[in-house]
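Each chain gets a letter, A, B, C and D, in the order it is written, and its residues are counted from 1.
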Amino acid sequence: MKAQAVYPDTETTFYEEVKRAHLLPLWKLGTLLTTEPLSTVAPYIWRRSRYLPLLLQAGDLAPVERGGERRALQLSNPGLGGDWATTHTLVAAVQLLRPGETAPAHRHTPAAIRFIMEGQGAYTAVNGERCYMSPGDLVLTPSWEWHDHGNETATPIIWMDGLDVPLVRALQSMFFQPYGENVYPVSKPANDSLKLFGAGGVRPTFTKPKGMNSPLLIYPWDQTLAALEALGDREGSPFDGLILEYTNPVTGGHVMPTMACYIQLLRPGERTRAHRQTTSAVYYVLRGEGQTVINGLRLRWGSGDLIALPPWVWHDHANLSPGSDAVLFSIQDTPTFEALGLYREEAHESPQMIRGEYQDD
Amino acid sequence: MKAQAVYPDTETTFYEEVKRAHLLPLWKLGTLLTTEPLSTVAPYIWRRSRYLPLLLQAGDLAPVERGGERRALQLSNPGLGGDWATTHTLVAAVQLLRPGETAPAHRHTPAAIRFIMEGQGAYTAVNGERCYMSPGDLVLTPSWEWHDHGNETATPIIWMDGLDVPLVRALQSMFFQPYGENVYPVSKPANDSLKLFGAGGVRPTFTKPKGMNSPLLIYPWDQTLAALEALGDREGSPFDGLILEYTNPVTGGHVMPTMACYIQLLRPGERTRAHRQTTSAVYYVLRGEGQTVINGLRLRWGSGDLIALPPWVWHDHANLSPGSDAVLFSIQDTPTFEALGLYREEAHESPQMIRGEYQDD
Amino acid sequence: MKAQAVYPDTETTFYEEVKRAHLLPLWKLGTLLTTEPLSTVAPYIWRRSRYLPLLLQAGDLAPVERGGERRALQLSNPGLGGDWATTHTLVAAVQLLRPGETAPAHRHTPAAIRFIMEGQGAYTAVNGERCYMSPGDLVLTPSWEWHDHGNETATPIIWMDGLDVPLVRALQSMFFQPYGENVYPVSKPANDSLKLFGAGGVRPTFTKPKGMNSPLLIYPWDQTLAALEALGDREGSPFDGLILEYTNPVTGGHVMPTMACYIQLLRPGERTRAHRQTTSAVYYVLRGEGQTVINGLRLRWGSGDLIALPPWVWHDHANLSPGSDAVLFSIQDTPTFEALGLYREEAHESPQMIRGEYQDD
Amino acid sequence: MKAQAVYPDTETTFYEEVKRAHLLPLWKLGTLLTTEPLSTVAPYIWRRSRYLPLLLQAGDLAPVERGGERRALQLSNPGLGGDWATTHTLVAAVQLLRPGETAPAHRHTPAAIRFIMEGQGAYTAVNGERCYMSPGDLVLTPSWEWHDHGNETATPIIWMDGLDVPLVRALQSMFFQPYGENVYPVSKPANDSLKLFGAGGVRPTFTKPKGMNSPLLIYPWDQTLAALEALGDREGSPFDGLILEYTNPVTGGHVMPTMACYIQLLRPGERTRAHRQTTSAVYYVLRGEGQTVINGLRLRWGSGDLIALPPWVWHDHANLSPGSDAVLFSIQDTPTFEALGLYREEAHESPQMIRGEYQDD
């Protein structure tokens, strides 16, 4: 600061030299500091009628084997440049495992969930525990846990995958390891964690799980549905209707440190109030016909559809059927935003106006 | 410290003056610092065959009304001088409510639990929620929550009460308030907390209970039993067999900050290893025939008996039946000792020798 | 419940039988459920002018040696029956160590603090670290840590002890162990924990203390005084003036799980508002002349006095000097009551009336 | 799954249709799952001799005013495509404020720290508290707190900025708000938080800060240096020498939820062991001459240099001076990785080989 070095004598030269020195002048970067988030994530629907034939066809074209690892079609958000990302933090996929197939054992830092769409009796094995899957079940394969899948039944199984891959990639923390064998050794009874940790209100004291992930690996649909139905006719959330979060029985909190899972029921004709959050989500329509209005754009959805919800967009949901419930499963990045102090939420004061209709491309 | 005051000229006078000054010479108090705890709590069994007739007779003698508040017989530990204490921190009681009776609404700082022994369909109301009780159910009335009991059925109901009264008294923190009316207004559906928080694995997001107590107020026996049975043939705790703790669904931890509740199943012929803890317990034998050996003394118990376990005594449990399970419910002061850094546990290396037989008085 | 046993035929006989069965009829126990705490702890002052001559005389009469362990005069609250208790949870004492003396190494479950009154350069050693003590310093010897004291200087040292002995006794959790040698081996530099953890705002990352106790063992007076003075002329607490809590640098919380330590400064002429808490305290007047009004009774105090504050009593403090600060050190059982959900506090609306003067006995 | 739609009859057509449907075949994406992180962040040094003249020149070229907001040169990592990012989660900058200048008040979700390089007596104001800055001081402006800077002295001030901007951008959570006036109103005494929360070992009880950020806003260098010197000749961290983390006095934890700050001292001739972590860092050489070896590449640094450390690279530090200490300040993204369960660390077994020399471009 005392003796100034000789420096270029024109403004142009200055900026060139700044650039060469790998510096950026903050005073020229105004648009980076946006008043509020301008998300590049697009609202988008992957229709069952479109992805399912492709997934079934993939069953013929793509073997499940080491290297490819999984027969899964990733939902690539059109706003994110063809990347492996359904939102900026989450990726969802649809996966098919045909009778007799095994998806080889591996582990990775991205955390994953499976939500079963169709098929019955195939398993996901996590650290030696086989979780046998039925439609509506949620199965967890937390970060860095060995897992493989097998279908020893006579019918194909299809599920939704949900992972935090875009987040892990943004944090440059991808670790991946294939297991030496195709199948990780079975060391526990089937659905062992369910027997230990699946009950409401009680928990064994003779095992003390540690860490940030739920030790409960499978959340059976019949149990979840019963819990939804037990909520009865109460009001629920003004923004989400009757909504339940899947929880870690040891902490009562989120199932994983980066990703939370929810199930919500919209009653016939119910339309929720709009709100917006800094978080993003991927919804799977388990049943029903309805709509989600996102920043004034109406997306109509039906059973089996998958929907990307960008961060910080006004959104409300409605069940358009006069006679049946609609049920949505979702993954959301809420734990990440809470942990980093970036969670923010606003309620829309009046009902959200519908200003346009989403068009499938 | 510089100029010493005139002081008495003999040692006797010194100690008299010390006493007058409300001082105690530490160097004369050696026995206070015991090598390990010498509990004044006695191991003791209250037999069903003895307490039940008295409780039923109390039904004729003692009305349930404001002032007396409850028709309950407190288990008074013989080692604690006739005090309202089953151990030094816990008190248990047996309570009877006859058809048509109402136990008036009040609240108090001691936390309470009810474990239903006999009868079906009477209720405990907590803050406006009626919990309808069946045998084996656990009902919570946490510290300072309004509660009343009512029996609108045609048969009497009997339950075990468990409270932290001795602890609250030792801490001189007793607050008590009768409600202005006999019955606190009903403001919620029956078993409302069970519908919201009773399910395994999921929890509503639209209500966010705070504080240190479980928002789940009733733990139905069928659900608890199913969880016990789901544990199957695994080893369980070496000290307690197949044991479950009742948990707060919001935190995954103890149901209350001062008192924890457990259910444990001993398989036919099973005898556990002995250990000792700084905590104390009151057991209720839900079913079965067995024994608990306490510091070498064998206490044989049967269905319906209640047992006081002192702190820091070696103890193991056994199911003496060759063909049926034994099931024990217990309240324990574990949370208190953990929170204050005073929890300590030791495992007995060899099987505990039986050196005497407990005699009923 | 089905077949009733034959039972006595008169009410008198019933109550006799209930008593013989070690049962207590709740409906006869009304006074146990008090509207609010009726503490047996008495407000009391131990005057420096009275205890100091006795302590100095004890220097001649009582050697410091194994068995007696310490030359300390315990403050025995007149309301607590001559027990080793200054309040129902806390005990304070004054202790003297003369030149050349050593108080032998031991450990015990009660947690202890020392607050130095007079003398300079003697040490308290905790787990191999010698903490060299000066007036106004706070030294911790947490639960179950080896500790001994030594005075290698030419002048006596006197300090206040503060322990949670009554609490530990009520919980029947007393463990005590003398060390095999008189002095526990020195394994660390003097005041090592102060060098590691004593600074404001920063903390080493290469050592990760665990557990519920502060790893910082000595809080030097000059640092504490500087912090008090830095508070300047701000309002502070309406109930306690400028008050600081000694904290665990690893958690930011209380120094120990059962007992908290505070220093507070009352400015010339300042009188605080009254409040009451479920907690109790022992105060030491480090400097100044003032009063504490307890449930309308005025206790006037001066430098060196020690005062017992019962739980749930209205109390306010005043500095009666027009020209100098008053400084009070105190131990309080706040962490215990917070952890157990029993902390409660009320502010007195109007200034507390003085209805009587405390008389020394 | 029952009735399959008509689908294309060749593999090529299949992949085209998959792409059109915004799906990605996982089995074609092998390289995304890397065995371990392949960071795009480059190790890089911004030399004081290069950035300082440019910053001083910027003083002539770029006014500090609304819109540009700050006269800061951002360190743009060559591996990150000219982005506003020094690592993938952190951005550092050097900032100049000349006599009489004011940097206008605003707030934003990115959290920021300032580490003072040169100049004395200018202030950073946070929520109405002016923190007066000297070389070596650390100043925090946590997420979404109003802040402005002013230099009312006769000499320029230069500091390092550190922010979590790349993380907040990756999470699409950028909120920014200029304050209506140039200067946010002063509502507190200067360095108020330092007086309340800056002391070691004690903390006021009459103010209870909430939230995830440290309420202490300025960490003065003299206090930090004294803490470093108090560590004396102990070993410290094998990887970082004598290292201190700046802490939140209320929690004992990191100063912010996304970013941690450290100061470390390397003794003359000291070379640390290598380790690698999933976290990244930006170092500022406060004093000394030394080197950091990153994956075998030696980067020699001197006083005033700034260094980007990528994630998951082996690195060790050395002080190359035989006679003086080297001191490094750093910001690291540790809290983010810990909170999300992605923190991982490995120690290098043998000393790291030097296989190349870093060349300035």
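Structural remarks
We take it that a residue touches a chain if its C-beta (ideal position, glycine included) is under 8 Å from a C-beta of that chain, and two chains touch if they have at least 3 such contacts.
Being a predicted model, the structure only gives us computed values, none of them experimental.
Using the contact threshold fixed earlier, the set of chains in contact with both chain A and chain D is empty.
Using mean Cα coordinates as chain centres, the one most removed from chain C is A. Chain centres here are Cα means. That of chain B falls 53 Å from that of chain D. Mean C-alpha positions place chain A and chain B at a centre distance of 43 Å.
Between the CA-based centres of chain B and chain C the separation comes to 30 Å, rounded to the whole angstrom.
With touch defined as above, chain C holds no residue shared between interfaces to two or more other chains.
Chains touching one another, given as pairs, are A-B, A-D, B-C, C-D.
Chain contact summary for the complex, chain C toward chain D: residues 189, 194-206, 216, 219, 223-224, 226-227, 230-232, 235-237, 240, 242-253, 262-263. Across the complex, chain D is touched by residues 1, 4-8, 11, 14, 17-18, 20-30, 32-41, 44, 46, 49-54, 56-58, 61-62, 67-78, 82, 84, 88-89, 93, 95, 108-109, 111, 118-119, 143, 156, 158, 165, 167-177, 211-213, 256-258, 278, 280, 310-312, 336-337, 339-342, 344, 361 of chain A.
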